[in-house]
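Sharing a structure, written as structure tokens. Questions coming.
Order as written gives the chain letters A, B, C, D and E; numbering starts at 1 within each chain.
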Amino acid sequence: MFLAKVVGSVWATKKTDNLNNLKFLVVHPLNLKKDPLTDVVIVADVLGAGVGETVICAYGHAARKAILPDNPASLSIEAAVVAIVDKIDLDSSKIAE
Amino acid sequence: MFLAKVVGSVWATKKTDNLNNLKFLVVHPLNLKKDPLTDVVIVADVLGAGVGETVICAYGHAARKAILPDNPASLSIEAAVVAIVDKIDLDSSKIAE
Amino acid sequence: MFLAKVVGSVWATKKTDNLNNLKFLVVHPLNLKKDPLTDVVIVADVLGAGVGETVICAYGHAARKAILPDNPASLSIEAAVVAIVDKIDLDSSKIAE
Amino acid sequence: MFLAKVVGSVWATKKTDNLNNLKFLVVHPLNLKKDPLTDVVIVADVLGAGVGETVICAYGHAARKAILPDNPASLSIEAAVVAIVDKIDLDSSKIAE
Amino acid sequence: MFLAKVVGSVWATKKTDNLNNLKFLVVHPLNLKKDPLTDVVIVADVLGAGVGETVICAYGHAARKAILPDNPASLSIEAAVVAIVDKIDLDSSKIAE
């Protein structure tokens, strides 16, 4: 899974039927580089993560299982928020945000 | 999933049988770097995305489920448009296009 | 899926049993960078793609479904040619080759 | 799979139900570059890996099979520790830590 | 799949049960860059690949199918040697080793 910071939302009217009523967030995966974060991933979310929060995201089956536990294979998504981070305990260096 | 800009189409006569009648788009994944976009991904599309539009694309089972919901495993694709973007609400920085 | 240029073949006598009689190509994924192409991917091919041709390749289940449609899960491959490109229509920039 | 060094833990109260009672580690994938390690991956762990230890991590089904062997598809994870490394025998160069 | 050079082995006593008796190699994925190879991937091997040999490796289901053909889903691995390379025929440039 990857750590990411929520930076926004995406709106789409025209989409695959099985995505109706799903919320899509724009997130920046976090790393330890000094450069500003530039990667962008779109993730589905049912936990209610807000802009500025740090989240754990998962890909593939794991993402579908988080969004629709009873019928994951029915979804056309492959990335989702699986947890909202409270605290990160690091040995040394700090995760760049 | 990833955000991308549609920049063109690909045509192929000789292809895997299960890809007949499918449309393939050339897209550039979007990021926040200042450099021109250089990555190229080929995605299947049944939503009718046009050149210049911003789309959300998904990989793997999610892509097949978007293109052929009743029999996704029959397809030899692993990337597809799942939504055409209307609006992106971002906290701060703007997605590079 | 990704666009790639076929640059060669790989030969292997000692291999997983389920790969016998399969042809493996060496391909360079295409992008828009000015630098020479340096990435190398090995893909299975049953379409007869030749050196110098541009192809669409797919990963995972999609690749196995292209090589052995009746029993994809029996194969130890995860990348394959799914189409040989005739023409690429691009809005502006040209795909680097 | 990839080699990684354990550098910390992540705590999350609000998360997908199927992740309750799972431990999540922050790890740095190892490579041979001279630059400090900057990539961050979040992995589930049931082997008890501690900060500073070198581990082998796996993605996808392999990760879920390591964490919950009897029902891997019930988990919303896609990365996990599958082994704690005792020794690495290398021909020449040393893995950067 | 990817081409790689075998550079060593990894030893681990504490590991997921289903990995007992499996051999894990350290490999460098090959590319055409002039820089020394720095990426490290851990792959399972039952073909007997030795240090210095060039191999084709596969990810995911393909890897598990190569290591345990009769029950691939029982394994917590996602990368494996699927062939030991005899010869690479390239149109022009030579694969960096």
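Here is the rule we use: a residue touches a chain if its C-beta (ideal position, glycine included) is under 8 Å from a C-beta of that chain, and two chains touch if they have at least 3 such contacts.
Predicted, not measured: the structure shown is a model, and the values here were computed from it.
A.B. asks: Trace the shortest sequence of touching chains from chain C to chain D and report its length in steps.
C.D. replies: Tracing touching chains, the least step count from chain C to chain D comes to 2.
A.B. asks: Fitting on CA atoms only, what is the rotation between the copies chain A and chain D? Please report it in degrees, nearest 5.
C.D. replies: So the angle, rounded to a multiple of 5, is 70 degrees.
A.B. asks: Averaged over CA atoms, how far is the centre of chain B from the centre of chain C? Could you give it in whole Å?
C.D. replies: The mean C-alpha positions of chain B and chain C differ by 19 Å.
A.B. asks: For chain B and chain E, what's the span in angstrom between their mean Cα positions?
C.D. replies: That gives a centre separation of 31 Å.
A.B. asks: Give the residues of chain B touching no fewer than two other chains, as numbers and ranges.
C.D. replies: Each of 60-61 in chain B touches at least two other chains.
A.B. asks: Reading around the ring from chain D and passing chain E first, what chain order results?
C.D. replies: Read cyclically, starting with chain D and passing chain E second, the order is D, E, C, B, A.
A.B. asks: Which residues of chain B touch chain C once you look at their complex with the stated criterion?
C.D. replies: For chain B paired with chain C, touching residues are 7-19, 24, 26, 36-43, 51-52, 60-61, 64, 73-79.
A.B. asks: Give the list of chain C residues in touch with chain B in this complex.
C.D. replies: Spelled out, the residues of chain C in touch with chain B are 1-3, 30-33, 47-48, 56, 58-63, 65-66, 69, 80, 82-93, 95.
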